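Structures incoming, each one as structure tokens.
Both complexes shown next keep subunit A, but they swap its partner, so subunit B is in the first and subunit C is in the second.
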Partner chain A sequence: MLKAMLHFIFISYNFLIMKQFCILLFFSLMNFTLQAQKGIAYYGQIKSPGMRSASGPDLNAYLVFNQEHSYYVTAKDSLEKDLYDNQSIFKGNNEQQVAYNGGKTTRYGQQVYYNRDKDSLWWSQRFRGNIYIAEERPIIEWKLQSETKEIGNFKAHKAIGNFRGRTYTAWYTLQIPLPYGPWKLQGLPGLILEAYDQKKEMYLYFKNVEYPTTNEAPISQVRRPGGDPDGWQTIQDFEKMERKSLVKAYNSMVLRAEKKGTEKPKKPVFQEIYIESFE
Partner chain B sequence: MRRLPWACLSFFLFIMNMNGQTAIQGFVQDQGGSPIEKASVIVYNSSQSILTYSYTDEEGGFLLTIKDEDINNNLLIVAANSLGFQEQQDSLQLVQGKNDYSVIFTLSEKAEQLKEVVLESTKKISANGNITTIQAGAFTNNTEHTVEDVLKKLPGIEVLDDGAIKAHGKFINKLLIDGEDLFANDYQILSRNLDAKTLDEIQIIDKFEDNPVLAKVLDSDKVALNLNLKEKFKNIWFGNVTAGLGTEERVKAAANIGLLRKQIKFFYFGDYNNLGNKASDQLTGSPSSVNITSAYQEQEIEPEINPVFSIPMNENNFFREGQSTFNKALLNSLGFVTKLTQNIELRGTGSFTNDIQNQLFSSETFFNVQEDPVIFYENSDSHHTNTIGSGELEIKYTGGEKSYLKNLFVYQNQPEEYNNNLLFNNIDIAQNLVKKESSFYNHFNYSYVLSKNNVWHNYIYFGQNEVEQNAVIRSPVLNSLFSSPEDSRIDHSSDDKLNVFGFTSNLFSKFGEFEHRLEVGYESLAEDRRNNFILNTQENTLEVDSLRNDLQFERQRLNLNTRLNYSFSDKVELAIGFSLDHLKIKNGRDNKEEWFFNPEVDLDLRKMKIGRFQFSYENTCNFPESIFFLENYQLKNYRSVVQGTEKIYLPKRDVYGFSYKWANELESQAFTLRLKYDDTNGRYSTANQISQDFILSSYRFVNAGDRISGNIDFTSYFAKLKLSTNLRTTQNWFAMPLKANSADFSILKNYSASYLFSGTTYFDLPVNFGFKINLSHSKSQFNGVMSKTYQNNAAVEINYEVSNEWFASLNNDLYQMENNRSYFLGSTISYQPKESNFSYRLKMNNLTGENEFSTIFIDDYAMYKSSVKLLPRFFLFTLKYRF
Partner chain C sequence: MKKVLILAAIGIFSFPSFAGSKIVKNASNLKEADFAVYCDGVYAGQASTVQEALDMCN
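What follows is the complex of A and B.
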């Protein structure tokens, strides 16, 4: 009797487990379909450090995303090839090029990968070659404003926040309730459609969005061309690189002025030279 | 956010309560009761303003806090949303004394379909990768007077002392105004005179190519600047006037008047001064960067003919501008540009300059000829009037994307007059020269796109340059040479004319990393040199046949040229080219016809860890000048004549170049080394007969002539000392066979070196210093006689920035040569009040009152000791008004 009871309990238990498993499987599958559904948003990115206006090269960019993560890329060869010849603006001469090298595109472009579970960003950009940085998601203390505007059929809400030396105005839409945005801007209750700093030296604007999309662009970790080093550098490493480059740019301006007997250069200001600064 | 353990949460809520905050917690689930992770939860107040937001954790939970002062009407709206679900809202009526609320959302699924297109993915709002736009106002502080003052303050732009502009490290090719080219190469007239306040934005255009068709295949290295003017200056007259008055009768007056309209743009510039700045110097074209690896430069070929006879003004390059030139300078220039139709643009410039110069000069010349040196003594007083009238007319036609046409016509007329009285070896000599020079050139360019990777470019040019000279010389020395009476007069006249016609046709192709150019060219150049020498005595007039020439010189060149560039990587670039030339030269007595094969190779290794290396090799042919073939002697100046030779030789040259550049990691130190070796298998040299007061020279071909030059530059910035320094040396050696009072040619060896040490301080103080020490010496050896000379110059500049409006500078210059030293002190005080139309300047020149300086130079086998008068001490006050 006891054996039969135990058997019954065991079967019931198995059945319960099976049922739970089936329910779990069903919802996981549903969840998976939801997660697998991917969206793509196209942006324009104009980066013009030191130019006091959005006057740098206007680059195409896209953001692919799902609930879990997002992948933003710009300055990518395949995004620009039909438009204009995109060889480097500078050849040889290195005076102040640090401020103007936004026009160069590469095979994999400048990428930002954001993973919500790991609450971190991984990104790559040009800095005398490609650099790869991994960092905890920088928290932007967005101040939400009541102002709204229309971007296409989206109602966009305004938010203001400081990020690495600049004050950004971002326009996000609650119709896409995801914390993503172009470049490294994120953390709002909806997708950021447009963003710019006070001088508009970083200007990101919305072009179109499709969700779900059949576009094959993957939401991937930052990709690297063969020959680039493995591993990740830290945000502190990036700060060091920028500081060093700033000293370098000033030194080379002083050397040039001494050599040619021209006007003495003024010391560059961190925020004026770089989009991201640490002072 | 993860769900907190209950104990923590209770504690948290307790703290909330204490701090006047309200907490809302809860979770979001789907209809099956499963948690929805990463759903957004937003809290609005009753007026629909967002108070706070969060995203749910992996168990669907959320916790939000709201400050009590943000809540009105005790009503909150909480909304949960997630992609693929229908948004759900819940109103929370707050109860007094309760600070924590919980809400559960069960979202229903929704087929999400978002497709919103504002712009196509590839459409751009401001597309141009090569244009850098800089807002002028952001970098200026209203103390800038001219465009040049503004440009000096902009990142990426530098302005050299002579006004030449560099952008992104390269000399600019054009200075455009609202996209239109008003002044071509003489852009300094614009940059130094257009008022700063008219500027709105400045664009640096990289990879600039004036010709939009060529731009398709050329990887241009050119840079141009475009000045965009403020809207309010787009249809008005603008300008400024300057007036200055000083001691020692020094004056300055200047006016700039511009009219800018949409259809037509005019700019007038006028200047008059007697401060030692020449008007004709302001009209000389500015330099442009030449990149040895660049594939092609659009050309303007304008060969000139130089007359044999001259009266030298003996000006000294040793001093700064305004220290030793005695002149009255007048300059007038007018430029316009207009669009005739949408595709046709017309640009014109007309200029008139006039320099009246008086120069006093005395010299001793030692000729190192064998045992007894010959010495010439000269005391000269010259009066020179130089007038230049010139005009340029350019018409451009852009016919769609496929073809481009440009025609440029240049005309110049330059009458000059020299009056010179001198004492030569204690003999009185008087000379008068009336010179008329005129030239015109026409340049026609046509480009056509053949296919995606091929462009065909044609350039046709023709022109004429004529110099007529009529000199009257009263020289007892010349008279005694011809055994004519002492009071005889010599009339020497010459008429030199050059005609040129040529074309080049280029096919440019671009395939991946390869760039290829194939050029076919033809040039025909004809020179006609005539001169005669007439002795006028009281009794008769006699033409001296042995001093008469009628030279017809013709040169025809057919050329096939090809050049291939290949980038192996971003570190290695190789360019290989060769040209096949057929050259035909006639001088009336000899004919020469020859085929040449000239190769060239450039290798550029850059971004190497140890620096950048550039190697170049070029094999070329030296074209002889017509002057080498004068059949008879021709008067060169009042004390020498020159004769040519009969035979035409075409010597070949091998030129080897090497350069190395290094900078340390922080670029606080940079090192450059440049070497050039020029090996010629022959050249035209002179055989000279120097007597007590006369020189007979004749050209001869010699089979030698080498030249080596080297340059080392080491620049440092010491950040801790706030001091930058530059240590530089230039070394030159050359050897050349010469003949002077001997039967055979002997080798003249020359070595010259200069050393420079300069420094600038970067103190964070109103006072800063600059210093410069320049030592140069040269040595030449000829006929066993060694001549040496040196010249040193030291300068200290003290700049005092009293305020943003007051600025003072003190310049100290010390010049030193053998047995001679001069010290100049000058100062400038300027006051540029902010937002005022007036500015004031006080210039103090030569405060130490130096009035004469002696210099020594060596040249070939002679050494010149000369003495020049210096501009006196004067004070000049100038007032400038901008309108």
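What follows is the complex of A and C.
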């Protein structure tokens, strides 16, 4: 009798342990599946500072992401069928014109990597050669609006926020409840599908999304060609670079005006020259 | 009726204000107004001719 009771207790105990183990295994698998669930969103990016409309090069872009991090890339050779000429002149709706010299795309493109655990962004762009910046995630104080619209098969909600001198409207979807977005825009309760500033000088538009996806595009740290040096510059370095270029450009313009005997040129306005103006 | 609608649509979308952004590759299309010049992502100043824009980046 005692032996039977001991046997029963032993089996019950084992059953309880097994049950707990199964529950633990189930939640671990769930967590793993959620973390591993990967998505890819395709966008178009038109950057046209000073043009008062979306009138710059229209480049393909994609954002690949999971629960932990995201990777955005545009101006990448492999994403463009027709590479832009070395010099292109774009015309806006209001007689503004701009000339871009130098190729628009590169092997690795302009990239933004966002890691949620580290709460930081790493990014690269062309600025007389490739520059590489690491910064704490910029906090955008988004104001959520009640307005909604359909983008693709998604219900998108409107939000408005300021980021480096411009006021952006972003459309995000709660159907993909992750805080990512194209370029450096992030921090909403759902994936940003479309975003633009008031003048549409930075215009990011939605093309398609696969979530979940089996696409093999890696969610990688910013990649760089072999010849580029290692290391990262700060956001303050970037601001200094931009400011310095404005002073240099203005000084050249004054010299040219003196040579031509024309009027002294107006000083360039930071916000009309660069998308991120720090003012 | 269908033809009229198609012609109307062509007419509307051909109107300059609908043209939006466009690449102007022919220098003769440019007005004499200054335009911003960027060399490899860096603002270089204002130019009034394509040649001047090219020179600014060299």
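The criterion applied here is as follows: the second predicted complex is superposed on the first by the 223 of 279 C-alpha atoms of A that agree within 3 Å, B and C clash if a C-alpha of one lies under 4 Å from a C-alpha of the other, contacts with A are read in each partner's own complex, and residues count from 1 in each chain.
Note that in this section a contact is a pair of C-beta atoms (placed from the backbone, for glycine too) under 8 Å apart; a residue touches a chain by one contact, two chains touch by 3 or more.
Bear in mind that the values here come from a model prediction, so they are computed numbers and not experimental data.
Once the two complexes are laid over each other on the shared chain, residue contacts for A:Q186 go to neither subunit B nor subunit C.
Contact with subunit C, but none with subunit B, is seen for A:R126 once the two complexes are overlaid on the shared chain. In the superposition on chain A, A:S146 makes contact with subunit B only, not with subunit C.
Of the two partner chains placed by superposition, only subunit B is touched by A:K259; subunit C is not. When the shared chain is aligned, no partner comes close enough to touch A:S277: not subunit B, not subunit C. Once the two complexes are overlaid on the shared chain, A:S53 sits against subunit B and subunit C alike. When both complexes are overlaid on chain A, the residue A:F206 reaches subunit B alone and has no touch with subunit C.
One of subunit B and subunit C touches more residues of subunit A, and that partner is B. Of the residues of subunit A, those at positions 46, 48, 50-51, 53-56, 58, 85, 87, 89-93, 95-97, 99-100, 249, 252, 256, 268 touch subunit B in one of the two structures and subunit C in the other. Interface of subunit A with subunit C (complex): residues 46, 48-51, 53-56, 58, 85, 87-93, 95-102, 125-129, 245-246, 249-250, 252-253, 256, 265, 268, 273-274. Those residues of subunit C that touch subunit A in the complex are listed here as 17, 20-25, 27, 29-31, 33, 35-47, 50, 53-54, 56-57.
Per the touch definition, subunit A reaches subunit B in the complex via residues 23, 26-27, 31, 34, 37, 39, 42, 44, 46, 48, 50-58, 60, 62, 67-68, 79, 82-87, 89-97, 99-100, 103, 116, 144, 146, 151-154, 157, 174-179, 188-190, 205-212, 244, 247-249, 251-252, 254-264, 266, 268. Of all the residues in subunit B, the ones that touch subunit A in their complex are 30, 32, 34, 37-40, 42, 49-50, 53, 55, 81-84, 87, 112-135, 138-139, 152-153, 155-156, 158-161, 168-170, 201, 206-207, 219, 221, 606, 663, 665-670, 713, 715-717, 719, 724-726, 728, 758-760, 762, 768, 772.
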